[in-house]
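A short write-up of the structure that comes next.
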Amino acid sequence: MITIYLLFILMLAIFLGFELIQKVPATLHTPLMSGANAISGITILAAIVLAGNDSSTAATVLGVIGVFCATVNVVGGYLVTDRMLAMFKKK
Amino acid sequence: MMTTIAFPKDRKQDEKRCALMPSNLKAYSLLGLEIIIESGLGEDIFISDEAYEAAGATVLPRDNTLAAGDIVITVNKLPLSDIKICKPKACLISFLDPFNELDYLTSLSGSGQTSISVEMIPRSSRCQKMDALSSQASLAGYSMVSIGMQQLNTIFPMMMTPSGTIKSAKVFVIGAGVAGLQAIATAKRLGATVTAFDTRPVVAEQVKSLGGKFLEIDLGQTAQTEQGYATELTSEQMAIQQAAQAACIADSDIVITTAQLFGRKPPRLINKETIGKMKPGSVIVDMAAENGGNVEGSIPGKTVLEQNVYIIGNGNWPCMVAKDASQMYANNMLNLISEFADKETNTVNLDLNDDILQSCVITHSGNIVNSVIRKHHNIDTETNA
Amino acid sequence: MDNLVFINVVYVFAAALFIFGLKLLGHPATARKGNILSGIAMLVAIIVTLMDQNIVSYGWIIVSVLAGSVVGIYVSQKVEMTGMPELVSLFNGVGGLASAAVATAAIVASDLSSGIATISVIALIIGAVTFSGSFVAWGKLSERISGKPIVFHLQAIANYGLIAATILFSSLYVMDPSSITFVYVVIALALIIGVMVVLPIGGADMPVVISLLNSYSGLAACAAGFALENNLLIVAGALVGASGIILTNIMCKAMNRSLINVLTSGFQEVVTNDVVVEGEIKPIITEDAFYVFEAAQSILVIPGYGMAVAQAQHAMKELQELLEKNDAEVVYGIHPVAGRMPGHMNVLLAEADVSYDLLLEMDEVNSRMENFDIAIVIGANDVVNPAARELKGSPIYGMPVINADLAKNVFVIKRSMSSGFAGVENPLFFKDNTRMIFGDAKEVISNIVRQFND
Amino acid sequence: MDNLVFINVVYVFAAALFIFGLKLLGHPATARKGNILSGIAMLVAIIVTLMDQNIVSYGWIIVSVLAGSVVGIYVSQKVEMTGMPELVSLFNGVGGLASAAVATAAIVASDLSSGIATISVIALIIGAVTFSGSFVAWGKLSERISGKPIVFHLQAIANYGLIAATILFSSLYVMDPSSITFVYVVIALALIIGVMVVLPIGGADMPVVISLLNSYSGLAACAAGFALENNLLIVAGALVGASGIILTNIMCKAMNRSLINVLTSGFQEVVTNDVVVEGEIKPIITEDAFYVFEAAQSILVIPGYGMAVAQAQHAMKELQELLEKNDAEVVYGIHPVAGRMPGHMNVLLAEADVSYDLLLEMDEVNSRMENFDIAIVIGANDVVNPAARELKGSPIYGMPVINADLAKNVFVIKRSMSSGFAGVENPLFFKDNTRMIFGDAKEVISNIVRQFND
Amino acid sequence: MITIYLLFILMLAIFLGFELIQKVPATLHTPLMSGANAISGITILAAIVLAGNDSSTAATVLGVIGVFCATVNVVGGYLVTDRMLAMFKKK
Amino acid sequence: MMTTIAFPKDRKQDEKRCALMPSNLKAYSLLGLEIIIESGLGEDIFISDEAYEAAGATVLPRDNTLAAGDIVITVNKLPLSDIKICKPKACLISFLDPFNELDYLTSLSGSGQTSISVEMIPRSSRCQKMDALSSQASLAGYSMVSIGMQQLNTIFPMMMTPSGTIKSAKVFVIGAGVAGLQAIATAKRLGATVTAFDTRPVVAEQVKSLGGKFLEIDLGQTAQTEQGYATELTSEQMAIQQAAQAACIADSDIVITTAQLFGRKPPRLINKETIGKMKPGSVIVDMAAENGGNVEGSIPGKTVLEQNVYIIGNGNWPCMVAKDASQMYANNMLNLISEFADKETNTVNLDLNDDILQSCVITHSGNIVNSVIRKHHNIDTETNA
């Protein structure tokens, strides 16, 4: 049954993703891509749990790699996006 | 008894307009009125007697025409000699210039007929369709631009060509009443850069609505009459205006003056000194030349070269487009007659108590009856009832 | 409330923030706020995740987070603005790697049910493809790898083979989730696929590829979320996946490419092409032109006969007013022989009541051409033909022209590639800084006007 | 796959269909398809629900479904098109009743946990309010109840009291879920609240109220879904709830009302107003005007001085062309004294290159005025003032005017209610078939043009 | 934990509802309202289960009432909406 | 040795144009050329000798001017008597009308100077800036409308007024080349309803781009030369054209004819019969009157009334806007000179092998050298090399 809920959530989130990005000006293509990319660093949550978990060394190592990579993605992604957006003058 | 309307031909020099078009005859006959015209009435605008006859008018020689009309309509006032031939109870309708022609009025009242001055028709909403002053002024605005265009040795529009860029002509219109606005529109259409000035501040928006610039001059308080005419400026205001205009005039290729004051001499707007500042070859068109002139040195009926500036004082501007002018005037007259025509009896009843007639009837049964005109000429109110 | 419930309630909240953030990111005025909002969501999510009861030691987490942060901050601050797209592709690759690591960890940690195993291996594949693909894209963008499409014979067949093999080994693993070896093979295959798919795509199409890989990395996170039953991973991943696809599609349209075409470059047989075109025509749709117009500070309009034919002067006047409202300077450069009679443009522009002050002569605009952000060429052709300057022997050689090609950006509005009065080709249309907007001049400009009003 | 899982997988699919359906419903071209899609979703959902293992007897279900269908089909086919809004409010009320019944059933069926109890009682309250409110709205619309706001002294206090009491009794029930009696009190209170809230709202605002109640009925379903842990109820209910709120807001804007103001009518103290206005000014926004324009077959444009001031002639020309493309006939009625000089309108329209053939004189248009679907009055005032015909003693009495008021619909575009050259009030603005579009003529027309282009 | 999933679903659905209805032309206000109203008859699912359930007479009766009312809402709602929409000429 | 350019005043009757404006002098002096003008050069357009002097020209009496010039530039061809005064090696630049003035050319070649005919400057992209034929034709188009407007007794624009509706004037332009297009644009600006016809089909789009209507007449195959000039019609085509135009002409208030055939007599487009169908008071402006006329009965330099239709054959149209015409012509001349000026040596090098000069040099060292002209006048090619 849990899978059902997850499916519901997936379905709704996909629809929402489609709806949210409808008309994006070309100037925003790159920042938006970059911003979305930062969000995809959400794997960090899973990686953290894995890295902090003591179950197996392999998992921990992979988890640590995951946390490191995901952090780079998240931190770098947000900062770069912000830098790009800062360049646009306010209308 | 059926009312007869007579249209003698205008005898004023160079006048080409007439007060009746063949197209009006149907409307007159629907009102049951009989129309008599002088032979040759429309010849100057290429309308033959036959055309009038075909439409239902009777063509007669001049004297017979004059003698037959219960109402006699012309553009310009009839010569006094003609009036004697008219019926003693006839009603004469035309421009009469009653503010300036006291002698004429006196003679007219002496011969006893009723006379209507079309310039005195009030400017109420109801009367717009009879307002010959406006209809002719509007055409005058067009004609003044046309003649200025003819005289100027450059073109109006800007042109960027391989042979260099031609700048647009600068046109300055002083007085943006009916004539002035039409002049602005016409010059603007041709591609000129148009500036305008008027003492009535409401006009600024109207000028802009035609794409012209309005020259802002702070004259302090200015006013307009109930009918929309301007009131006279004080001499200080006049001085301010002249000074402020000078630069704009000097910069212009064509200056068109249309300033009038109802019942007064037109204001003098441009003096010789200002003319001297204009570029050689520039053109001034003085609409008011015939009545005293807005421009110093303008000569009625003539184009003169003064300090290398052409001053055009031709006058009778609507006559340059005589056919349209005739058509509009003729329509105004038809509308005036319709207002008082009685279809049942086939007559025209000029009820002197009517608002409109009270304003525009000048003489009646031997007296000058119009109160505005009496006041203007200081005719003692007690002399005649 | 127990820990897990609390974490998840916060996750709901974080998910809402992500959604808001993404929504705001799509509008120029609010984009920055949107990014910050989504950053906050991420922070909140990370903090509450640390409360997870499964976490027993924080040491490695702290170390790796710190290390990652340092790298992230350093790289993001160092990069030149021009290097942005490369950087994004790098980050994206790293993100893919993270997802792959997480999936692998899940796989090695325990024997999984076949459902979870399937999803985990999907997450792993997507993550690995994203990783290697992004790195190739990065190489192409930074010109470490040739920007030209790299193609070889039989590549289509090779690629199909790779995919088949991946599916095969994945299935083998899923059927027996303890056979981890297969997983390593799958990882290797996925990495190769990433490389193979991106290599044949030209450098110009890289932004599309990155956007797509970005969407993939979202899907990888989403799959990982399924494997670990983490709602927020699913929501955030799905959001990124879906919006990434849409964005990719928008970008394709803006570049006049078909998404399918770009993606399947690796599966098409190689066609060699010997024709050498100097320069390339770059058509653009009005929607995208609009954003350049909006950002421009000084704009030169060069009208020609086509404006007269289309009677586009009124529309142009309207656009001028909007641009001026937008604080841009707009002037018109009138070539003396534009149109078909002397003063043709003047007649039209006067009709539309364009102020005479704004009409500049050819020499005036040529002397300051470099300063114009945009030159808009409306139905003019011969009068902006650089061949008159450059190409001896051209019938118009020696005729003075408006040097539109020297402006920073040139937009040419005309209906087709057909030539003008003089019947000669116009090299302006092939210049690097030129974009063609094809269509009737009046319609195109009205279109841009409409964008301004929306 | 067990039954429950299957049902829920289908639910996911149905939910997706609902979402698609709703999306399509929002666009004129696809609305019908959207409705059908959402109908299919409903059908599918109902069919799989019947497989629920909790269902032991089908008798009553079949009977009630059949009975409901018959009633639904009959009513929906019988109703006149003009009776639509009433019908929707009726259906809505019935829907509210259904939710209330379900919630009550859940409550009476068993002792609930306090969480579920809370949600159930919320569902109950919302359902009951929707029910009674919808019926009052129906009464108002069908004029069984006076359309005027029904207000009395102290109503605000009374309403606050009702709400307090409802909260009180609901809490009492939640604290002891076995005390069902409180629930009946709550039902009664909720029904009264529904009546009290809708009564003070004027008939003209009813569509807004219905839209809001519709949103409520979605929320009721959603709450019921929570109570029964039914995902599809939650999704569909939330969709209806959220989209209903947005729709309500859009409708308020279109009617120039504030949502807050409409809703809180019941909580405002009564203000009596003695001024008698003959006729009412009916402003309209361009968005709504557009749809009338789009449907019109023959259109008369009456320009006046305001068109000159706004320099709206070019925009009008553009609109003319669009209307003509839309197969409408467009002519201009030129009053001889429109503007401020003879031929003022002619100058402007010639500038915009409006064909002379389209300019008709006053008498021509007056003789066929009844045949025009729309008369658009652009910045004209005196020249369309019916007082010239009707109001002896008015300064313009006797002046011939264009009888715009005799056209089927009149749209007057001007900036304010201020008078024209003659300085007199214009009864045209207060006529039943007149709508005022306030704004600068050029902006308003450009706006409509834009709508046409979208 | 189920509630969490439900909350997620609720949250996403609400967002989606907001996003879906963004710019609706005035002509569609009434049909859209009517169509949404038909969807809100989704309670019929709950009512069906209650009506078919034998747990208590009260619940069954209420369920039957619910099914009837909801059916009217659903069937009538869809049909009326369709009739309205049929009137719009295609653009 | 510095080249001297002389600008004598034009002696042709009523000519007001000149070939130099004070604003050109700076450019000439940058080229290192010396400029000599005849006293009174610009007086007709109100430019004083002082203005030229201030800008750097030397003012001399006529004979001295003529005698001083290495290059002598005028608008119209110099009288033969003047040519004798010029330097024997001088280069004379002006309109020469080489297709029609064989006698003049022969005398000219006899006196040995080089002569350039500005109408023969090719119409290549490179030469547009020297194309005086176009620049003057364009102004002619404007002037023809201006004079037609003056003559017509109605106004151009439509006006709906309380005094009735005035219909717009109908203008029909035959020949939509440079002059015709400008006429269309000008009439259209004034609010007239404009129709146009031309034998070259490409023109239809150009007419429409100015807001005019194009009268479609199916003439079968028609052609244009490489330089854009029309070729002559066959007599059948001519007949079709005349018949098809007749209705449009009868319906028009103003007809403007601008049809020309390069190197040939202008085609006869309107005969008396067609004129008879026009409304009395209508106006025809015949641009070609001076060269034979498009209209039967047009008299060069005059306005005549024929069957109650005014036929205006004034000619020298650009002269109506002499100042702008002078400016454009002067720019054309400056551009021509610049093309061949050598800044280093301060001279003008007329290299007869240059494309441009090959087309437009007519006589040189005693011979008529221009091949087109030789062919036109059937001058045996072997007579002179």
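A, B, C, D, E and F label the chains in the order they appear, each numbered from 1.
Keep in mind that, in the parts below, a contact is a pair of C-beta atoms (placed from the backbone, for glycine too) under 8 Å apart; a residue touches a chain by one contact, two chains touch by 3 or more.
Values in this document were obtained by computation on a predicted structure and should not be read as measured data.
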What's the overlap between the neighbours of chain B and those of chain D? C, F
Far-end chain from chain C, centres as C-alpha averages: B
Rigid-body rotation angle, chain E and chain A, from Cα fit (steps of 5°): 180
Could you tell me the distance, in whole angstrom, between the mean C-alpha positions of chain E and chain F? 81
Whole-angstrom distance, CA centroid of chain B to CA centroid of chain C, is 70
Whole-Å gap between the CA centroids of chain D and chain E: 19
Could you list which residues of chain E touch at least two other chains? 2-3, 5-6, 8-9, 12-13, 15-16, 19-20
By residue number and range, which residues of chain D touch two or more other chains? 19, 23, 231, 235, 311, 336-337, 342-343, 347, 350-351, 353
Would you give the residues of chain B that are in contact with at least 2 other chains, written as numbers and ranges? 128-129, 134-135, 138, 157, 159, 161-163, 166, 189, 191, 211
So, with touch as defined above, which chain pairs make the list? A-C, A-D, A-E, B-C, B-D, B-F, C-D, C-E, C-F, D-E, D-F
Of all residues in chain F, those that touch chain B in their complex: 16, 45-46, 128-129, 131-132, 134-135, 138-139, 142, 146-147, 149-150, 152-155, 157, 159, 161-164, 166, 186, 189-191, 279-281, 308, 320-324, 327-329, 331-332, 335
Of all residues in chain F, which touch chain D in the complex? 157-163, 165-166, 168, 191, 193, 211
Seen from chain C, its contact residues with chain F in the complex are 305, 308-309, 311, 336-337, 339-344, 347, 350-351, 382, 388, 395-400, 422
Complex contact set, residues of chain D against chain C: 311, 314, 317-318, 351-353, 446-447, 450, 453-454
Please output the residues of chain E touching chain C within their complex, sorted ascending. 1, 3-5, 7-8, 11-12, 15, 19
